[in-house]
Structure formats: structure tokens, C-alpha cells
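Below you'll find the structure, written out as C-alpha cells, and then a few comments.
For clarity, chains are labelled A, B, C and D in written order, and residue numbers in each chain start from 1.
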Amino acid sequence: MSQIILEVDNLVKRFGGLVATDHCTLEVKAGEIHALIGPNGAGKTTLLAQLSGELPSDSGRILFEGKDITALPIHKRVAAGIARSYQITTLFPKLTVLENLALSVQARTGHSFDFLGTVTDETDLLDGALQTAERIGLTDVLNHVVGTLSHGRQRQLELGMAIACKPRLLLLDEPMAGTDPEESQRMGDLLNTLREDHTIVLVEHDMDAVFRLADRISVLVSGRVISSGTADQIRNDPLVIGAYLGDEESDHSGA
Amino acid sequence: MSALLSLENVTTGYGPSQVLYGMSFEVRPGEAASLLGRNGMGKTTTLRAVFGQLPIWSGEIRFLGERINGMPTERIAQMGLALVPEGRQIFPNLSVEENLVAFSANRSASAEPWTLERIYSMFPRLKERASNMGNQLSGGEQQMLAIGRALLTNPHLLVLDEATEGISPLIRREIWNVLGRIKESGQSILVIDKYLKELIRVTDRHTFIEKGRNMWAGDTAMLTDSPELWERYMGV
Amino acid sequence: MNPTPFNASASAQTPFTQGLPGPWTAIFVAVALAIYPLVMSALDQAFYVNLGSRVLIFALAASALNLALGYGGMISLGHAAFLGIGGYVVAVLANNGVYSAWLSFPLAIGLAAATALLIGVVSLRTKGVYFIMITLAFAQVFYYLAISLPEFGGDDGLQLARRSSVPGLDLSSALSFYFFVLFTAGLAFVLLYRLVASRFGRAIVAIRENERRMAAIGYPVFRLKLAAFALSGGLCGLAGALLANASTSITPHTLTWHQSGLLIVMVILGGSGYFWGGLTGAAVYLILEETISDHTEHWNLVLGALLLFIVMAAPNGVMSLRQHLAKRVGGARGHGTAPLAATSHEGEAK
Amino acid sequence: MSYLIIEQVLNGLQYGLMLFLLAAGLTLVFGIMDLINLAHGSLYMIGAFLAAAFFQAIGSFFPALLLAIVFTALIGIILERLLYRHLQRMSHLSQVLATFALILIANETIKMIFGAQPLMIGMPASLSGAIEIVPDELYYPSYRLLIIVVGLMVALGLYLLVNRTRIGMWMRAGASNPDMTAVMGVRIKPLFTFVFALGAALCALAGALLGPLLAVSVGMGESILIPAFEVIVIGGIGSMRGALVGSLLVGMIDTVGKLILTLGLRTLFDSATASTLGPTLASMSVSLLMVAVLYFRPTGLFPARG
């Protein structure tokens, strides 16, 4: 039916003796929200870093829209249409919201080696930044310095930084991390509105959010995908229950 | 007997911005207390104030009956207050065993102190990895190590800040079970967490905080009887 | 709210907008620098004209370093190498009978920039303390080269029989040399202004603020830093070429890490990451040195004490010295220890 | 010829171990307090001058050495209390500037007190002879052997201190996370003071031991500072093992390299040129070694921080 946008084929990453990603194989379909769950230390963050290009892979391949991107540096992957967000908010705290977003837009439109043009009169950056601000609901704080915003709002901007790159594939590392239930709900709604334009790979610990949002889920254990499928399939997969969820259904409570 | 730790009308904040607007609560000997509230309401700031990492603007903090406002962090710790911090903060360049023994002491002069053997028997995983460096552990193992490290100082009061944040459900349950056992051994505990359902299985008394103030306090029975409180202070 | 994010008049001063001069300031500075030597000449004070030339030369060198250190956050303890390379190019050419500035200056800039490019390729792979140390080590290599090769005159360095020749201009007089320096440095300042106000400049500052995020949103971080480092080295090479002309000599002392340290001192004195930082710092440093050396032979003691005071008086590190002073002078509120005191920026707007 | 090389290897060992005394303190202060101390060489200079002054006053080497160590450690403690404690939380740039300022102040002060002329320290008479290593072929000065023995003992002691004692664990814990170390109940400030005093004492030991071999002069700190920095960068900042390996590597390259380069260059140049070129090229190759190490391992040979 829908086409495969990202294909991970036998990917490996070793840290010394530790195999963090162990011949991992994964397919993500265009247009879906694909959640990546697994116990701590299963290698989710490592896999995400390999997909975004921050960590080189030892062997295996990553295909994006049919092209082999395994060896591409980060900035070329962003140009190809992949952007990521971080679990720990990674912004420019001294800059304003608009300046933060404009940086993302500038990366996409190029010209960063344009040494001599001044930026004061460039409306393309501004338009792109404003557009993104509107999508993530930060229009009321455009000129606020980011460091003064609440944690929840910084999480929104964290997402916005990736969206402003206009990627076709978004890699989100625990967008709900450290948010309270209300903020978490708002973030979930926001992710829902993004599915029209982006394919999303979502790493998340908040099981409620995962089961609510994800079209398909892959379970990662010890650097390998042990199961992929819809929320119902995953819930009932004995392999997954043993390795991760536990046998008590009530567990995905809390947040 | 009087309270182990008590806060009375504590106000503090960071630079010019105030976070706590009069926090009061107490932990009694032998009990497991909890501090509940949404993000940004001042839970971690309260802990920082207790551990002497923030200057207190007004109010009073007492530990073992002694006023500890303005005391340096290490003296408060030496009196027998131990922390399992948010983010675990394992020393990456010490081995697992060194992380445990480097700070071991009997600060509460316990007749039946926590020893390396007891910690290892509670967390066999740590024994297997005794010679690994702290940064070679998984998140769950680091959490166990952080708990063991704090217990080995034999504190009067063990404080756990978001001890199950970012831990997979299975390990989370294991940690709650261990906390239950620690409490049964007579150790006083103060827990900060947002996983309410699991938390109330272990703890006896609860304080909700909102906007830097304590808003409600009561025991577990009172809390389970009033679900509207959950809605109001936790948004669940 | 009307968003005007990239103007200095926007609600908050952010690292993108701080320290960028308005047109009137620039014109005022240019006019003042042009009038200064005329006044001094009229008063028959050639010494002060020469001092002015030296200030401008070191202003250029410090501003070049400011691009890498202040804007780019690359703490280089090896910029003396580029200064020295520029100077030695001019001196070696002169000793071989080549005096044409048209030849020696571009070569000085080019060689310094190329060296900076090479050093950058290696050292920008490292971070923090390691970067500081590796730039220092590279500079030492050039220092050892200069003192050991007979072609470079060893410990004594090289003498120039006369200054470089520029068609239609006689650089031998203090006044004409001053204007030559002013013109050259002025061009460099215009270039630097365009650099820091461009998309490139914003990218460099943003990399300083958060390198990881810049990579994640698609910037070729390494190449951008390398470009800034090479440009910085090239401009420092130009300063070196001028410096060799100013004193008609070059010694290995120009290549010492002491000299690299002094360049950093100038940047910090003037304001790291501020456009006029290099100029202010060089002026303050050289004028202080001249005045104090007149009274005591222990100038270094005074300088050391002054530096210590400055570092200690700026509680959030020297980067904030400017804001700190601005607040003190503005009579604004006493300093809190707020790590995120970003809300109190109104007081700084003009 | 081969004895000449053995002698130079011993000299390299001796120079390397003296570098280690400096590098050990530097790497501890660097690694544990996260502090760049450009003025570390100044403590070495101060130690040497104090040893010379005490030697002139009492005329006996070992008591002078001991006094110099004690007083330099005291100066270290005072500096740590007054200055470094505050610098520690500041940026690397501030640290570079402040310790650069300290160098200027120290040099100028020493010049004011002792004048610009180099001082001499007499060698203890009992050690002024040479020891026969290979009968009739190879003699080596006993004083230099003493330096080698002391260096090796200090290296062993430091290794045990850092890796086998509780204080060592605290030092490493404090290096990675001082706040958490305090929360665990460790008095972190006295610990840092101790580390700093230890570093200063090692500086003084090196300065005083080298006094009889070198001229004690202003600026001697800076000339040894750069190789000491190169050592800890090559070895990996904060790593005691790295400091030892780096020191020996740098000591050997500098000393043996000098000999080989000078001999090699004689085949190309006249001997005067070769003897000036050889030593500088050897110094240069140390810098280049550091560059090469950092190119392949950007955090040094034995990175300490996980």
C-alpha cells in the first residue's frame, strides 16, 4: 500500500565490546507515526543518532526514499529531508523564539556561506520562522528570549526547530520528556496535526501517548527489533510482553 | 517523636525569580512520605533548598531537630540525609563498586547497617557488574546503583527525586518493589514522583504542592478516597 | 506584537544583535581616526602618530581574533602564529629585494589564511581545553622554525631596509604610513562588519551558542568554523604585514605564546563578541602600556593585577564584562546571581 | 656510540620524570578541578627560587629542598583559597586570562625580589660523583640517578593514591561531578585545596631537584610549561597513567631526538648549524607528536572522562 520511506537494513553500532545496535532491521512507511519503544538501554537513542547521522554506523545500510544515506554527514541528511529533535531540550537559550526558528529556516534555504549580505532585510527567513511558530503555537512569544520560557514551551520549540527544516521524515526523541500530563496532552495533539506533512519516528516512554498516537510500533530490545506492528498486535505479542511491558496491563498508567 | 525533616514556610528561588512561596511539610521517623505535584511547581527546588544548594530567603528547615538553613551541602549530607537524584548522576569514572564504597558510612549509627553485601543481594545485577565503570551501565542499572550508593551512607532519611523517570515499565516495577522492601526495613523515605498509582503502594503520607506552596496533605487512604485531588493537582 | 526580530531595535538584545555598530557610530569612529594624526602632526608629536598606527594594527589583529574567539567561540592561543607569518613574509621578501606591497601583502594574507586553514583542519576536530592547547602547540612549531632557520634570522629576527612600497605613496613618513594603515585596516573592518552581520556571521554565533543543534538543523558546522578560523588567520596575517612595516623589523617574539595571550587580553579588554572589541581593546592596552611604562619598569605587574581584577570582577566570566560595566555605569540594579537574567535587558537599550 | 645513546636514554628518562612531576599536578588540577592553570610553571619557578634561597641561607641541599616544597605548597594553598576556588566555576577563557595574569605577576615579583640574574643551587657533595654502570665504559652522574629514582617513586605513590585510596575515589568523583560529590557528603573544598597543594608541592620538588642542573631563572616556568601541557594533552587530561606515558614519550623524543637529529643533520649541514637546528627540531617534533595524537585521538591517548 503506502510506500516505504525509511529502510534500516542490518545496521550495527558497537561501543568497544558493547553492541548497541545489533543488526537492526526496520521499515517505516511514508505518512505514518512509527513509535520505537523498548527498555532502557535497548539502543533507541543510539539508533536515532545513527539515523540522523550523528553517529557513524559500523555496518549495515540506511535507505531513505530509496537512496543509500548511510555515509552521508548530518547536514546532507537534513538537506535530503530528515530532521531530529532531542530528548534533552537543545535550543539557543539566549536567542528569541523567532531567531531560533529563523536559524532552522536559514539552514534549509542555504546561503550560510554568503559572507557579505546583511540579514536585516531578508524576509524569507522571517516568513518561514513565522509559519513554523504558528504551527507549533508559539506566536504569542515570538520575541521572547527562549531561556525565559517554560519547560513545556521549550519542548514545543524543540519540535519546531526540526519542523522548520521542512523534513519529510521527523525523528523525535521523547518529545514528552519531563512534561506534565497537561503539556504532554498538548504535545500529543500537536504531533497529530503533523502527520499530514511528515512521517514521524517517535521514541517515547509515555506508553499512553505511544498507543494513542502511533500507527505502528516497533519494539527494540538489545539493539534489535523484536516485533513490529499495530498497537493491538504489539500489546498482544507474547515476546513483547515478556521483554518489556510486563504481564500487568495496568502498567502504562502514570503520566 | 518529633519530625525527622520539617520545612516551615520556606521561600526561595533562583536569582530574582521566586519559586517557593511558603513551603511547609514534614517527614516523620520510619515513614515513607511523598511530595506530589505537576512539573514546575517547585518539587525539585524544595529538594535543592533542603540540601543546601539554594539560599533560603525565609522560613526554616530542620533536620533531626537541628536548623540546617545555610549549612553547606556536605554537612547536611553527613548528618544523614541521602539523595537519589533526578538523572541518577552516577560517577562515570568510578567503577560500580567504587561508586558504592567511596561514600559508605554509618551516618545514622544503625545497629543493622546497610553493607555492600546487602546491597549486592538486593541488586544482584550490580554485583555482576561490580568492576564496570559507571558509564557502562544501562539506565535501570544506574538507578539501582544510585539507590545503593545512597543507602550505603546509612542515612536517617533517603530522598528519591523522580527515581523512575525514563525507566522502562518493567524495571520501574522492580524499583518500586525494592523501595517497598527498603521501607519495610525501617528506613525513612521521601519520594518525589509522578507515577501516582505506583507511588501510593509504597508511601504512607502525601503532600501536594502547587505554585511553590503545600496545598494538601494526608495519608494514603484519604488520597485514594478523593480522586478529585488527583485531577486537581496532577491533571490525571 | 510586530515581529522585527533581526533589528537592533527589537525588544531584547540577543547575541545576534549585541555590539553591532550603527552607521553614525561607524562614521564618527572613522572621522575621529582620520583627524587624530592630523592634530598630532600639527602639534609635532610624531610619536603619537606612530602609536596610533600601532593601535590600528593591533586593533586589526585583535578584531581578527575576535572573529574566531568572540564570535565563533574558538579560544585560540596560537594567533601569534598568523601575525608572525604575515610579518615574516614581508621581511623575507624584503630581504630578497622584493618591497612591493602589491606582492607581499596578498602573499602575507594568503599564507596566513592557508596556514590557519591547515591548523583549523586538525585542531577543530578537538574541543575545549584540547583546542586551546593544540593551537598553542602549532604556534610553538612556527616559533621554533623562526628561531632555528638561518633564513629567518634566528633569535634576532629580520630587519627591513625600508617599508614596503606602494605606488604613489611614500610610507616612510609617520603620517603617510598612518593613513596607509588606516585605509587597509578600514577596509578590513568593513569586511569584518559585513561578515558578522551576514548569514554567515549569524551561523557562526549560533554555532558558538549550540554547536550540536546547528549540526542537527543542517549546518555544515565544521566547514563554517573552518572558514571563520581561516578568515581570522588571514586578517591577522595582514596585521602582521603591517606590523613588520611599522617597526621595519620582525622578531621571533611576535610568534611567542605570550603574544597570543596579549591578543586575547586585548579582545577581552575591549569586549569579546562586540564589533568594536578589538579596536577598543588594542587602544586601551597600548595606551596603558605607554603611560604606565613611563612611570615604572614593572608594567607587567600592573597588567597582571589589572587582568586579575577584570576577570574576578566579572562574576559570570569575562564575556559578560561589557554588560556588567554597562549596568554599573547605567546605575541600574545591583547584580543578582541569576543564571537566566534575560528579562532585564531593557536597561541596555539606548 | 651505543653508550652515548644509553646515556641519552637515561637523560630522557630523567627529563621525562621531571616533566611528569609537573604534568601530574597539572593533569590533576585540570582533570579534577576542570581548571586550566597556565601558571603551573610559575609554581615550579617559585619552588626553584625558594630552594635556591634556602640553600644560600642554610647551605645544605636536602633541608632546602624540603623547605621549598613546604613553602610552595603553602603558596599553592593560599592561591587556591584566594583565586583558583573562584576561577574554577568560570569559563576556560577566564581561567586562561587569570592564570596568564598570574604568570606576569609571578615573573615580575621574582624579578623584584631576586633580581634578573640566575641563581645557582649547589649539588649535595655525596651525590656529585658518577656511578659506573658499565665498567670503564659508561658512567652516569649519581645525582641524575637520584632524580630518576625519586621520579619513579612519586609516580608509583600517585598511582596508588588516585586508584587505591578513598581520597583518590573522591578526587575522581569530584572531577566528574562536584555537586553530586558534595551531596554524597564529601567536603569538596578541602579536597580541591589538597589536590592543589599536592600539585604545587610536586612543582617545587621538580624545580628544586633540577636546580643544580639548570640555572634558576625567571621564565624557567614558561619554558617547561609548554612541554608539560603537551604531555597531558597527549596522555589525556585527567589521566595519571596518561601523564606518565606522555612524560616519558616527550622526554625521550626531546632528548634522544635531539641527539639523533643533530647527528643526522651533520651529514647535511655544517656542525654549528646542525647543533642549533637539532634541538629546535626536536622540540618541534614534540609539538607535532601532540598534533598527530590529537588528530587521531581528539581526547588524548588515555581519555579520563567518560
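Convention: a contact is a pair of C-beta atoms (placed from the backbone, for glycine too) under 8 Å apart; a residue touches a chain by one contact, two chains touch by 3 or more.
Remember, predicted model here, so these are calculated numbers, not experimental data.
Relative to chain A, the most remote chain by averaged C-alpha coordinates is D. More C-beta pairs touch across one of A-C and B-D than the other; that pair is A-C. The distance from the centre of chain A to the centre of chain C, each centre being the mean of the chain's C-alpha atoms, comes to 41 Å. Between chain B and chain C the centroid-to-centroid distance comes to 51 Å (mean Cα coordinates, whole Å). Centroids of chain B and chain D (each the mean of its C-alpha atoms) stand 45 Å apart.
Separation between the centroids of chain C and chain D, computed from CA atoms only, is 32 Å. Under the contact definition stated at the top, the residues of chain C that touch 2 or more other chains are 340. Across the complex, chain D is touched by residues 51, 53, 72-74, 77-78, 82-83, 85, 89, 91-94, 98, 101-103, 105, 107, 133-135, 149, 153 of chain B. The touching residues of chain A, when paired with chain B in their complex, are 18, 38-42, 150-152, 174, 177-183, 205, 207, 243-246, 248, 250-255.
Every residue of chain C that touches chain A in the complex is listed here, in rising order: 1, 3, 5-7, 10-12, 14-16, 194-195, 197-200, 202-203, 206, 209-210, 212-221, 223-224, 227, 340, 342-343, 345. Residues 52, 54, 73-75, 78-79, 83-84, 86, 90-96, 98-99, 102-104, 106-108, 111-120, 122, 125-126, 129-130, 140, 142-145, 147-148, 161-162, 164-165 of chain A are the ones that touch chain C when the two sit in their complex.
On the side of chain D, the complex with chain B involves touching residues 166, 169-170, 172-173, 175-177, 179-188, 304-306.
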